[in-house]
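You will see two complexes here that share subunit A, one where it goes with subunit B and one where it goes with subunit C.
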Partner chain A sequence: MSEKELGKKWDRCLADGAIKFGTGLGLGIVLSVLFFKRHTWPISFGSGAGLGMAYANCQNDLRSHYMLHRSEKEQ
Partner chain B sequence: MAAKILPVVKLATKVTIAGGALYVAYDSGLLGSGEQGSEALGKAKAAIPPAIEEWMKYFGLQLPTMPKIEFSPVQSWNSGVRWTISSLSEAPTKASDYTSQGLQYIKDLTK
Partner chain C sequence: MLRACLRGANATARTNLRGTRPNNLQQCRHYTAGESSGGAAKVVVAGLLTVGGGVGGTIIYAKWDHKFRAAVEKNVPYSDRLLGLAWGPLPQDGRPSVQKQVEVAQPPSMMEKQMKASKSKSEKKAKETTESPAAESAPVPPVQSLEEECTECHHHDDSAAPVAESPVTEPLKERPVEEVSARLAKQDQEEQDVIAAVSVSLEESLASSAKSTLQAIGAQEAALQAVIRHTLKLKEAMEAEAPPQEKSAQWKDLETSLAERNSAVNDAAAALTKANVALDSLKSVIDESKGLKVSAVRPVVLAAEENLHNMVVDLDKAVTKVQTAESEAKIVSQYSELVNEAKLQFQKEVSSLTPEIQANWKSLTGKLSPDDLNALIAHAHRRIDQLNRELAEQRVREQIHIDAALEQQKLEDQKALEKAVSTSLQHVKEEARLEQERKLTELREVMEAEMRTQLRRQAAAHTDHVQDVLKVQEAELRSEADQVLGSKLLEQETRYRQLSQEQLDNFTLDMNSAYARLKGMEEAIDSHVIAEEEARKAHQLWLSVEALSYTLKTADTNAPSVPLEVAAQAVRDNCSDNDFALALSSAFPQESLQRGVYSEASLRARFNSLRSLARRVALIDESHNSLYQYFLSYLQAALLFENKHEAPPTQLSSEDLDPFKLLSYASYCLEHGDLELAAKLVNQLRGEARRVVEDWLTEARLTLETRQVINLLSAYANAVGLGTTQAP
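After this line comes the complex of A and B, so read on.
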């Protein structure tokens, strides 16, 4: 993986993390206000879940260079 | 009769709003892979100035134009890293030079 590719992957990871954190935060706020009587825990749960999704995406992305993909499998 | 249906209606409204929020998040690719997320971010960034224009026209105000800030945090960080590493690598040589100069000065004093 060249340096440029790696840099781009990290950029994507950070942007993705920010987006998923914000989305989780928003959904957590909506759920907290609507269903959970304005407690704080849905908000932290949502943002944590967002960060976790971003982490998993980033891990997959960084590993994909070293994995064998289905399209490259030879008969 | 209305008092009996009201809790159900409230619950149905809440579920609709929550479900709508979830659907919007899913549909705009916010919960997908990294590339979808950065696409959505790009679209949002591109859509902000026209949206602000619309709002300004609606309210009849005029926001002062943002001054173009020529500051790049990436450039600053990179140059900072380079400066640190180069000064660390030159430090032993410079230290020995300064000590030898200091010793020479003291020797000259005591001559």
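After this line comes the complex of A and C, so read on.
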């Protein structure tokens, strides 16, 4: 069912976003505690990076139908 | 830069005392403001200069290059006004006009040259042709007539040449034969007349002159004879010692002969003058006749001239003879005179010496006294002495006298020689001229004969050509006639064949119709049997199609119907001999046969859930598909309100292709049971919305296809059934 595709994509997006955000946040906390003297900026950096990556992934996923892959292009 | 400056100022203010802060700030502000104001002015000035330079440059270049100007006027609005103000309107046809003028100037000059060339050519031709008639001075009559015509034509041509540019041809029209022959005859007649007249006149004058010449010659001869006789007689009289009676008779004879001579000489002179007059008249007549242009007269004229010449020659000869005789006679007469003189003198002397003898009658007896005789003898002796002396003297003077006489003779001889030479020269000249004239006439005759042969040849060639042309024409006419005959024959044949064919056709038509009727009857009987069979089959088909359509109804909501395979197979079995039904029954889509189709109600329900999704992704397509666009699309779907159901128009315009409108049209159609139109409308969706409804669309298509096939089959079965069931 083609109408269910979009819903699936959104689910993936959210899950991916949550994971990346969480991972980024965790990594940020770790780095902040270990190397950056408990500054807040690594935390915000990590979570931001995670969110950004999730955003990019989500956008790519949503766009994937419209983008030509290199293999298709060569064909 | 300003911020950096401010931060720097703040930092310094924090480190410095609080009091100096406003000053620094102010200084900074002034400094920065001044700096910025100076920089701004420079920039503004530079910008103005560039713009002004650019505009001026374009204007000046536009004046120089027209194409650039046209491009600028096309691309930059209102530039044409500016450029027009500066340099005047764009010259459209500056250069081409000059070129056209040059071209226009050339053709007239060329035409003039052509005219001049043609004119000079025609003039040259005219000159040549006018010269040629002048050169051909031999006036053979037909040639002459042609020449006259030629000269006339060329006069016309010369007048017409400057007007027309057509080539100068001699418009020699071929006159009709009768006219030519009439002209020729007339000309001949004229010539004959002229010749006759001339010959008559010539003959007359010739005759008269001949007569007079003969007379003159005769007279001259007579005179000659008389002179000769006279001289002879004189000589005789001088020399002969005849008795006195004969002497006196002789002297009388002499006198008579002298008288004769004189008369003869006078007659001769008169006749000579008459002859000269006649000859002069003849000469004038000859000259007159020479002046005529008729050539046939020439030989006659020539003969007359020859005759004249001969006469002149004879006359001159006679005259010379007479003159020689006269000169001789002169000598003899002189001699006789001398002798007479001597005699007289002697007698005088004798008489002076012997006067008595004279007076004396004694002398009659002839007896003289001795005194007289002595006196005579003495006288004679004296005379002899005197004569001897004279002789001696004469001998001495002999040479001188001889020389003088020789001189005289020489002079006379020379005169005579000159005269003879001149006369002979004249004669020779005359002869040469006559010879030339004779030769000329001969040549003319030869030329005429040649011309005649050439003309004869031309006539022969013409007749040959005419014969050839006639032959060719005959052949052509014959072939034409044959052609016509052949075509007519062909026509007749075809008509005959047509008629026979028609008869045959009619007969076969009748036969065929009878046969067909028979066949028809047989077929009708057979078809009845067949029709019953067909009816049975149709019933079966109809039943199977009904079963098929019933299977459609087995579809639930959200579940497809049973696979249509079995029912379709049943239909196929029942219509094994019918191609149309077979084709239709095999036109089912595979999905419907294997899996079955959804009902309309389920599709409707599904559509309603799809609709909201399609609304939400309405803005997304190939170019707009970022997350931000998704956000916007969702926002739009939330904020936009449209009719739930809207009746679609009969024709979709471009604004109806908005997804929201399309969805409301489609839902309206679905509500009213028009799945087809709904599918068409949904088909107009583009982009992500289209991707979302793709599956629904395929399902709808399947359903529609199956339903269409089943409808066709049932319609067909109904039709077949109707067709086979006939009213009794």
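The working rule: the second predicted complex is superposed on the first by the 71 of 75 C-alpha atoms of A that agree within 3 Å, B and C clash if a C-alpha of one lies under 4 Å from a C-alpha of the other, contacts with A are read in each partner's own complex, and residues count from 1 in each chain.
The criterion applied here is as follows: a residue touches a chain if its C-beta (ideal position, glycine included) is under 8 Å from a C-beta of that chain, and two chains touch if they have at least 3 such contacts.
Since the structure is predicted, the reported quantities are computational estimates derived from the model, not experimental observations.
Novice: Which holds for A:Q59: it touches subunit B only (first), subunit C only (second), both, or neither?
Specialist: After superposing on A, A:Q59 lies in contact with subunit C but is clear of subunit B.
Novice: A:R12 in the overlay: touching subunit B, subunit C, both, or neither? Say first, second, both or neither.
Specialist: A:R12: touches subunit B, not subunit C.
Novice: Is A:L51 in contact with subunit B, with subunit C, with both, or with neither (first, second, both, neither)?
Specialist: Neither partner.
Novice: Of subunit B and subunit C, which one touches more of subunit A's residues?
Specialist: Result: the larger residue contact count on subunit A belongs to B.
Novice: Applying the touch criterion given at the start, work out whether A:K20 contacts subunit B, subunit C, both or neither, answering first, second, both or neither.
Specialist: Only subunit B is touched by A:K20; subunit C is not.
Novice: For A:L34, select first, second, both or neither according to whether it touches subunit B, subunit C, the two together, or no partner.
Specialist: In the superposition, A:L34 touches subunit B alone.
Novice: I'd like to check the shared interface: which positions of subunit A are touched by both subunit B and subunit C across the two complexes?
Specialist: Shared contact residues on subunit A: 58.
Novice: Quick one: in the complex, what on subunit A touches subunit C?
Specialist: Touching subunit C: residues 1-3, 5-6, 55, 58-59, 62-63, 65-66 of subunit A.
Novice: In their complex, what parts of subunit B are in touch with subunit A?
Specialist: 14, 17-18, 21-22, 25, 30-31, 33-35, 37-38, 40-41
Novice: Using the touch definition from the top, list the residues of subunit C that touch subunit A in their complex.
Specialist: Answer in residue numbers: 609-610, 613, 617, 622, 625-627, 630, 688, 691-696.
Novice: Which of the residues in subunit A end up touching subunit B in this complex?
Specialist: On the subunit A side, the touching residues are 12-13, 15-16, 18-20, 23, 26-27, 30-31, 34-35, 53-54, 57-58, 61.
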